[in-house]
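First chain written, first letter: the chains are A, B, C, D and E, and each begins at residue 1.
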Amino acid sequence: MFLPYDQGLEHGPRDFFRNPAAADPSYIVRLAVEGGFNGVAMQVGNAEKFYAEHAGQVPLILKLNGRTELPSADAPLSPLNASVGDAVRLGADAVGYTLYVGSARQAEDFAQFRTVRADAEAHGMPIVVWAYPRGSAVQAAGGQDSFYAVDYAARTAAELGADVVKVNFPDPTATTGVPEPYDLEVSTPQAVASVVASAGRALVVFSGGAKASDKAVLTRTREAMDAGATGVIYGRNIWQRDHDESLRFAAQLRDILARYPTVREDPS
Amino acid sequence: MFLPYDQGLEHGPRDFFRNPAAADPSYIVRLAVEGGFNGVAMQVGNAEKFYAEHAGQVPLILKLNGRTELPSADAPLSPLNASVGDAVRLGADAVGYTLYVGSARQAEDFAQFRTVRADAEAHGMPIVVWAYPRGSAVQAAGGQDSFYAVDYAARTAAELGADVVKVNFPDPTATTGVPEPYDLEVSTPQAVASVVASAGRALVVFSGGAKASDKAVLTRTREAMDAGATGVIYGRNIWQRDHDESLRFAAQLRDILARYPTVREDPS
Amino acid sequence: MFLPYDQGLEHGPRDFFRNPAAADPSYIVRLAVEGGFNGVAMQVGNAEKFYAEHAGQVPLILKLNGRTELPSADAPLSPLNASVGDAVRLGADAVGYTLYVGSARQAEDFAQFRTVRADAEAHGMPIVVWAYPRGSAVQAAGGQDSFYAVDYAARTAAELGADVVKVNFPDPTATTGVPEPYDLEVSTPQAVASVVASAGRALVVFSGGAKASDKAVLTRTREAMDAGATGVIYGRNIWQRDHDESLRFAAQLRDILARYPTVREDPS
Amino acid sequence: MFLPYDQGLEHGPRDFFRNPAAADPSYIVRLAVEGGFNGVAMQVGNAEKFYAEHAGQVPLILKLNGRTELPSADAPLSPLNASVGDAVRLGADAVGYTLYVGSARQAEDFAQFRTVRADAEAHGMPIVVWAYPRGSAVQAAGGQDSFYAVDYAARTAAELGADVVKVNFPDPTATTGVPEPYDLEVSTPQAVASVVASAGRALVVFSGGAKASDKAVLTRTREAMDAGATGVIYGRNIWQRDHDESLRFAAQLRDILARYPTVREDPS
Amino acid sequence: MFLPYDQGLEHGPRDFFRNPAAADPSYIVRLAVEGGFNGVAMQVGNAEKFYAEHAGQVPLILKLNGRTELPSADAPLSPLNASVGDAVRLGADAVGYTLYVGSARQAEDFAQFRTVRADAEAHGMPIVVWAYPRGSAVQAAGGQDSFYAVDYAARTAAELGADVVKVNFPDPTATTGVPEPYDLEVSTPQAVASVVASAGRALVVFSGGAKASDKAVLTRTREAMDAGATGVIYGRNIWQRDHDESLRFAAQLRDILARYPTVREDPS
């Protein structure tokens, strides 16, 4: 159960208006500690200034790249703003990388990821890949949440060397423009299971996206875990409510996750 | 209280016609000494030829990148023209970097900034980021001075590792095209306070822009400091008048700033 | 006889729906061992997580670059996602590289290949080049399978330093838009022989493409070998059927190949 | 008084038809020696093959970058074709660099110049910057010889670290499209003096451009020197006439320059 | 008298259909030995696999860059596919480089050439430059064989540091769109002599282009040598005929060249 906190860069401070305390990275790190999260993900600027005082209390996933929502997303690329060396220096337990599968700038992205993978392997640092289908080609093929797109993104991250893959929940009803056999609608659990299988031995965690009702989030979490997910990585659904509510909801999620074995059986 | 002197490159010598003496970098460095400024910011060419004789009398912020106003600003990028190594060699106390948040070339900018941050950290050199929203996406979302744009720019600089963030005063009336909740007008002090909060532990200094009336500048300065700003960085409002007037106005600003504590309380 | 397994990246998991077991890289490596293949080609992510337990049982061709089918293929470039150093570390016997002959980004491709060739030579590692005509210029000149395009691609790979060239079967009936003398139709065996000659001392293996009938594949295999091919590299025609069928068909192919001498006579 | 000889590359051999002997770099170096020039500027190919035999007789300014007039000049960039290391090896006393102020590729230009400046400083080699306003933005703002453009170019070169700035004579009548206060016509001597002031402690030499009448060139030279110029750098006005005429005219120029003090007083 | 063999890459195997034996690089190297050529030029792939067995029998010019004719030639760039280090390792006596003078990608080309020149000088390796005017600007200015274009290309190569310049025969009748004074038609010998003069101390060899009648080729050879050329570099005119015919024609060429002094007098 991870707590991602890169929305200040990716979406801007507008994500903090529901709960202004969440604009303070120190508040988030404390929340991660109190909520018993297995890791908190943040950019280098925040990690440098706010993580040290809580080091050892919650693992850090240093997010190595990022972008703002301002420039056009027709051909997005998320440039590196930190290095594996920074992660080592800051005591991180893993690094995070956003890979825009399908973007017209995918070639640059793969090349950039290669340097991260090589550095991470040299330092024994696991890589969590935000495997996000994006760009105009993806829009034309079912959109970024289609089963086709999410399945392909999970596979791509695994083929390139991810240790953990973070994906959105696949939407098997998005079949317009997708290639065979994805044009045949399957159930959500089938789609989730296929995504988990496509990632091979890379662990799969599902992200939450915009804030939804508690019930919807809990249901989706159970579905994902039933289908073989390793865990979840929810940000706005956690910290876009007040402090005690955040902790209460985190506890509910933890209860669900505790019902599943820590290590998946190898499918082979 | 900083004195910026990069306008000769950014705008050209036209900024010096109101007070031709200001075209001479030596005059500006002396003014910074006499006016009791906490730093003077300039490009490498000027720093190399004019700072040495006043080294130790006023701190130097070596501005590492810059551009001219001539090429189209649809997708601006401010290329490096100096290095952290130059800053060390010239005895600078900090480096300055212009980050164009929202530019279509933002990915290149982030990548370039990363090299600066890494070098600066290796040399223990603080980084002042000119956090400027720019480019066609910004023009479509309230313009470069909108609360949305300035708030996002301050946050972006902090997430990427700035120690000091230089922004324009936010204009909360610029709500056309901005996303929720920025489309709801707030007061200027609220907007300034939000910008300061978005920057986390990075210090925030507000810039002055084009020359305005003394009264307007002093009022804005008080507003900024009340809302939690660390200081101000005014250039044209200082040196686009004759020598003694510059010193008199600097003294007024210094008086205002002296009423506020040097170190902000940590908001967390 | 090689078993290529880069389709998960190049086409996405849709290639695994005919035989879901094939989504598991471990299954494929075991199939390569059991089927007596001379090598299995895969990307770094799969090689790292699935090859080690079978190392020594079947040679590994580490595929160093790849792309997804999502971004437009008007000007494709297959970026590196692994290095020759990775190949050495993983115990590979050769490296694989996709060269898009004719792409508008060909200049970048050649430059990238140069670094691979230099590294491979420094480590004594043979290079298998997927020599694929691609891009709008190729579409206008008979298409990617025309005799003209395949012949030119094989030659290009050899001139640039390939040790083994992987090409599609040339289609001598695709004569629209091709330059002299390719506008004169020749027989398939003549075309295959010409491609083999164009590659000089680089060995030529033919790929299978989408799944076809067993009879068609076996006929084509005989034609290729009669015309001087070194071998074949079939993926979907092997693993898009159930396990025992895969082994049965691999045995048939091995029988054909066994009838030809291992080392070609030097044509000079 | 410098003799520039980069026109064979910048304009092509057509500049040599008025005096075919001038196509021979050896002729030009001898002319520089006989005419008592303070330096001859040339590209690396010519310097390597023709300068050595006259080394010590006239200083060499190795021009480090250049382009041909063939590709479109909408967004020009003058790529490096030699290094500061070449200049050291060839016994040059300075390096030359063309900076296209205002070009859409200005960012690349600044980045490239930065490497030159860093290398030149490391070797104690002065830098002469050909500060040339160029590109479509410049065309829209008074053109490349407007007072605005030349003044801005001189300032830009100085801010980036030039030791000597080479500019064209400013034309104060070109006021269409320029920003305030350049839209007010001033006298040529005022414009020249402003350009010299904008360059700070960088020395300013004025170039001659296409061949003009002797009288016009001599008048302009006196105007420039009266306004504070350090010297002149004339090429075609020298060598686009026969040998003895070249020497006679160079002597006239030398006489003018001799009337001015070698070292300018510091304006500060 | 050089034998170039880069057509397999530049034009594709279609150049080998007139004499299929010529597709075999081994055949070409033997032809160069038997025909008494002063050098054979080829790409790294062919040099690595076919030159070693004849090393010492004929000098090797390792061609370091190349492209296929497939991608659009509007803005061509010939990327490096080998290094000077490869040339040293393979026992080459010189390196070859194609420079596309006038291409919109000329800046990249110059930058790339600079690295080759620096490496070549460090290893004492002479550089033969294929100085080819190309791109849309060249098409608009008389075309790639106009006297203007060829003269400018020869000069450019020399200014950038070529030791030997390979150009096409200039066509002085191509005067449409060329600048003064090239719009005045001169004789072919005058044009050839001008090209030789423009190249300074760089040696000039003329290429043959597509196969022409023996008589035309011999006449052009005499004209070139009369005008000061150093030699010729003919490929298709040699090997697009059968073996004995090739040797007979090479002997005729050698007889012509033998009538001229080996070392040109220095024009200065």
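The rule we apply is simple: a contact is a pair of C-beta atoms (placed from the backbone, for glycine too) under 8 Å apart; a residue touches a chain by one contact, two chains touch by 3 or more.
Fair warning: this is a prediction, and the values are worked out from it, not measured in the lab.
**Q** Taking all residue numbers used at the subunit D/subunit E interface, answer same if over half belong to both copies and different if under half do.
**A** Both copies, subunit D as well as subunit E, present different residues to each other, with under half of the numbers appearing on both sides.
**Q** Determine the centre-to-centre distance between subunit B and subunit E, using the mean Cα coordinates as centres, and give it in whole Å.
**A** The separation of the two C-alpha centroids amounts to 56 Å.
**Q** Quick one: report the Å distance separating subunit C from subunit E, using the average Cα coordinate of each chain.
**A** Whole-Å distance between the two chain centres: 35.
**Q** Give the residues of subunit A touching no fewer than two other chains, as numbers and ranges.
**A** none
**Q** Line, ring, star, complete or other: which describes how these chains touch one another?
**A** ring
**Q** With touching defined as stated, please give the ring order of all chains, subunit C first and subunit E second.
**A** Read from subunit C toward subunit E, the cyclic arrangement is C, E, D, B, A.
**Q** Taking the touch rule as given, give the residues of subunit A at its contact with subunit B in the complex, in rising order.
**A** 6, 8-9, 12-14, 16-17, 20, 23-27, 43-46, 48-50, 66-68, 70-72, 77-83, 85-86
**Q** Please give the residue numbers of subunit D that touch subunit B in the complex, ascending.
**A** Per the touch definition, subunit D meets subunit B at residues 101-104, 106-108, 110-111, 113-114, 117-118, 133, 135, 137-138, 141, 148, 151-152, 155-162, 179-182, 194, 197-198, 200-202, 266-268.
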